[in-house]
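Same chain, two partners: chain A is paired with chain B first, then with chain C.
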Partner chain A sequence: MDFGPHLFVASLEGAITAAVLALTAVGLSIVFGIMRVVNVAHGEFFMLGAVIAWWITSLIAGHPALGFTVALIAAPIIVGALAVICNRFVLHKINYEPERTIVATIGLLYVIQQTTLMTFGPEARPVEAPFNKRIALPWFEFGESGFALTWPWGLSTTTYKLAVIAAAVVILLVLWTVMTRTKIGLIMRATQLDQEMAQAYGIAVNKVYALVFGLGAALAALGAVLVVPIQQAHYLMGDDPLLLSFIVVIIGGLGSVPGTVLAAVLIGMSDGIISVFFTPTLAKILATLLVAFVLIFKPDGLFGKRRE
Partner chain B sequence: MLRVNQIEVAYDRVQVLFGLSLSVERGEILCLLGRNGAGKTTTLKSIMGLLPLRGGSVSFDDKTISGLPAHKMAAKGIAYVPQGRRLFSELSVRQNIEIGLMASGAGHETREYALSLFPRLRERLKQRAETLSGGEQQMLAMARAICARPQVILLDEPTEGLQPSMTSMIREVIIEMKNNGVAVVLVEQHVDAILAVADRVTFVEHGVDAETVAVSVLKERPELVNAYLGV
Partner chain C sequence: MNQAARSVVLHGLVIALLVAMFFVLPEYHSGNLARILVLAVFAMGYNVLFGYTGLLSLGHALFFASGMYGLGLSIQFLSASPMLAIVIGLITAVVVSGVIGFLALRTTGVAFMIVTLMFAQAGFLTVLFFGKYTRGDEGFVIQRAQRILFGVDLSQPLPRYFAALILFAICLCLIAWMVHSRFGKTLVAIRENEERARMLGYDIQRHKLMAVIISGTMSGAAGAAYALLFGYAGASFAAVQYSILPLLYVLLGGAGTTIGPLIGTVFMFYLIDISSEYTDAYLLIAGLALILLTLFAPHGIAGILRKKLAWLP
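Moving on to the complex of A and B:
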């Protein structure tokens, strides 16, 4: 394949990484933005989403789309509920103190990971995509006969991969609408801006925290369910999303949702492209370097607002 | 109607209030006066349930309300205008007012009433609160509290840093609330303002209520102010 078409395929892979990363990182970002909680266990909620999706689809016979649809709805709800329980019995008990919160979520990370290892096992397990038609993609050429469209061999994607990107866009738009146009969004933003005054004006901050922590985890799980037909479920699969989400949240400006999405696109696309042309490890190294530079030169993130 | 009974409050290990008491009735303005750091803001926050009490109690219409979570106070009819305004900075004027309305479940009429008191806010409903001028921010902080339809309003230095015309406007609104039967607790540094609006004055010194007098007494004995403020 020529360089052009090759780059096109790599960008598509990058777009899928970006789409899933945007969902996962926005989950981490709202938890940090509203609750000021650095959730080190966020990647494990992602992993649980994939593992529960595998479990649900393996229970439901019939067309793969049936099991997948159930998983797409049920897995985020189950993971969100589990996160609400973790919030109530761990984070709430230690009063959301920053240092103890980090230690506690590291603890949660290992508990969830090891429990999955003991029950689900060390294998990677596939989930069948609900639909998966290969579609050839066109490329253009300037030949002797001028501009022409060609269908180079190997330049293709699947309907499912395109659907993942579309689904992520829709989910993010819905989330944005909820945050900016609804009463519950107003309550969440008021809590983010001034937790004490929110309480003084009748907002039950503990309930908001439970909701936000559950929602953050559910977003990670949702991203995982979307990607698991491409990637397979594995008990260690939360590590990369955690690292990349942290990178994205820092670059995007801590707690800013639009900044997080932009950064996810930037990091996801370059991660996809560099992984295809070089190695995934190089992609992670470069992303981590970028974070270091952002922290040195623009501590509020590339898209973050300067705090006074 | 609101009674603060010998409250003791500390930040971590540093105790700030040592058995402070005060009371205020419907349609009455009680002023708190005291040096910087005497514990006035701490008193208001404690009433709002934002700080835990180590001792003492707060009651409202003879029912104990201390110990309730802070977010229940608004529904009990207590509204708070904090020192430094503390608006929801990135939200619009409309949204800040909306949050006040949510606290009381009040509707359109209350919102219109609040905006009629501060017509300048009506012109700026879409503006972000942090971009308002200092005076407008104070109006919004008052409007937000009024939308919570309080029976008791706690005002912490609402005229701090404002020019005289703005100060008198805020003062008129406070008097209107009093006339509507609201119990007002007002932290105020300016003695002339106190003499103009207060019914009674509680002097706060080192975290206790050193003395409470009717404002007529204060008029006769202006040296009291010097004694507690030490100007």
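Moving on to the complex of A and C:
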């Protein structure tokens, strides 16, 4: 393949990474924004989403779309419920104190990951996509006969991959509408601005926290269910999304949802493209150093506004 | 007895007990104890920053690995003598902790934790990136002939145990002394109330930087000792687990106490050792311990002891 089509395929793959990353990172971002909780176990909620999706689809016989649809609804709910339990019996008990919360969520990370290893096992397991039609993509050329469309070999995508991108956009738009146009969104934003004042106005802050923590985990699980037909379920698959979500949330400005989405698109797209030019390890080194230096020199993120 | 005398007696007893242990315990356990002593030095280094200064780092694996690779690579590629290699390992740890401290201390709280985590992750990936020299995850073995220090063969159980014990004793004495020094008391003042310490005219940044360097160097010394005594350096020692382990040791044993790190390391080491006989998922124990400790015993074992014995340093 020539450079042009190659880059086109890389950016399509990048768009899928970006779509899933946006969902996962927005989950992390609202938890940090509203509860001020740095959830190190976020990647494990992602992993659980994928593992539960595998489990559900393996239980339901018949057309793959049936099992997948059930998984798409049930997995985020199960993971969200589990997160609510973790919130109630761990984070709530330590009063969301920042440093103890991080230590406790590191503990949760190991507990969830290792329990999955004991039950689900160390293998990677595939989930069949509900539909998966290959689409050949055209590429343009200026040949002797002027402008012409060609279909180079290998330049293709699948309907499912395009559907993942579309689904992520829809989910984010719904979330955005809920956050800005509904009463529950208003309550969340009020809690984010001033937790004590919200409490004084009769908002049940504890319930809001439980809801937000569950929602954050459910978003990660949703991203995982969408990506599992492309990626396979594995008990260590939460590590990379965790690191990438951290990078995205920090670069986008801690707690800012639009900044997070913008950064997810930037990082997701460039991750695929950078990997074409650098080795993946070097790309990761540069990304982690970028996060460290952004936090040191521009603590509100590249797109964040100064917070008082 | 006054405080200083009590401290001398207590720490003297701990060291005497550890000397006796070698002759009492069967070989398997005394071998473990040598490892525990080196890891306890790591935990003591971590405790300087976390327990006494109140700064929670998630990146101490980087300092451990600096000592380990400073020593290991200089033996491997410069054919340095063990003594020279130890010095190079320590210098590497001083430089790395100085640079990381200088940068990371511009942040506080949660940001400090994430910045140290990211730097350590970058360090781990760097070890993998230069896999040609470090041999990445697989690691490399330091030959027995290269581990003879002052004519003593450190690959033998007895010299190995006492080398570990000497390093441990030096660090324990340094910390016991530091706790009573002006410098140590200033660190505790910063931990308890940073603003007040600043108002009283202490140079907070300089004290914190010194704490990071002392902490990082002690962790680096542990890393160098680990490579020299057990003859192996590998990327897994730079991975995030090795940043979490000292935190776990210190939390379990008791942050801000002199003997807490040793107690925590002994308990955690055997907890993981025993559970790994039954399951591959032995990190489950580490996770449960972290959650239960933050929930029910944030001051650790030595912290509970201290409630009964208020004089415990």
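Assume the second predicted complex is superposed on the first by the 301 of 308 C-alpha atoms of A that agree within 3 Å, B and C clash if a C-alpha of one lies under 4 Å from a C-alpha of the other, contacts with A are read in each partner's own complex, and residues count from 1 in each chain.
Quick note on the criterion: contacts are C-beta pairs under 8 Å (C-beta built on N, C-alpha and C of every residue); 3 or more make two chains touch, one makes a residue touch a chain.
Computed from a prediction, not measured in an experiment: that's the story for all the values here.
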_After the overlay on chain A, what do you see for chain B versus chain C, clash or fit?_
fit
*Is chain A touched at more residues by chain B or by chain C?*
C
_So in the superposed three-chain picture, is A:98 touching just chain B, just chain C, both, or none of them (first/second/both/neither)?_
second
*Would you sort A:183 into first (chain B), second (chain C), both or neither based on which partner it touches?*
first
*Quick one: classify A:193 as touching chain B (first), chain C (second), both or neither.*
first
*State whether A:284 touches chain B only (first), chain C only (second), both chains, or neither.*
second
*Give one of first, second, both or neither to describe whether A:203 is in contact with chain B, with chain C, with both, or with none.*
first
*asked:* Looking at A:65, would you say it contacts chain B, chain C, both, or neither? Reply first, second, both or neither.
replied: neither
*With the two complexes superposed on chain A, say which partner A:296 touches: chain B (first), chain C (second), both, or neither.*
second
*On the overlay, how many Å separate the closest CA atoms of chain B and chain C?*
13
*For chain A, give the residues common to its interface with chain B and its interface with chain C.*
none
*Across the complex, what residues on chain C touch chain A?*
56, 58, 103-104, 106-107, 109-111, 113-115, 118-119, 121-122, 125-126, 128-129, 244, 247, 251, 279-284, 286-291, 293-295, 298
*Which chain A residues qualify as touching chain B in the complex?*
183, 186-187, 189-190, 193-194, 196-205
*Interfacial residue positions of chain B with respect to chain A in the complex*: 48-50, 69-75, 79-80, 82, 86, 88-91, 95, 98-100, 102-104, 144, 148
*For chain A, which residues are in contact with chain C within the complex?*
38, 90, 93-94, 98-100, 102-104, 106-115, 117-118, 122, 243, 246, 250, 279, 281-282, 284-285, 288-289, 291-292, 295-297, 299
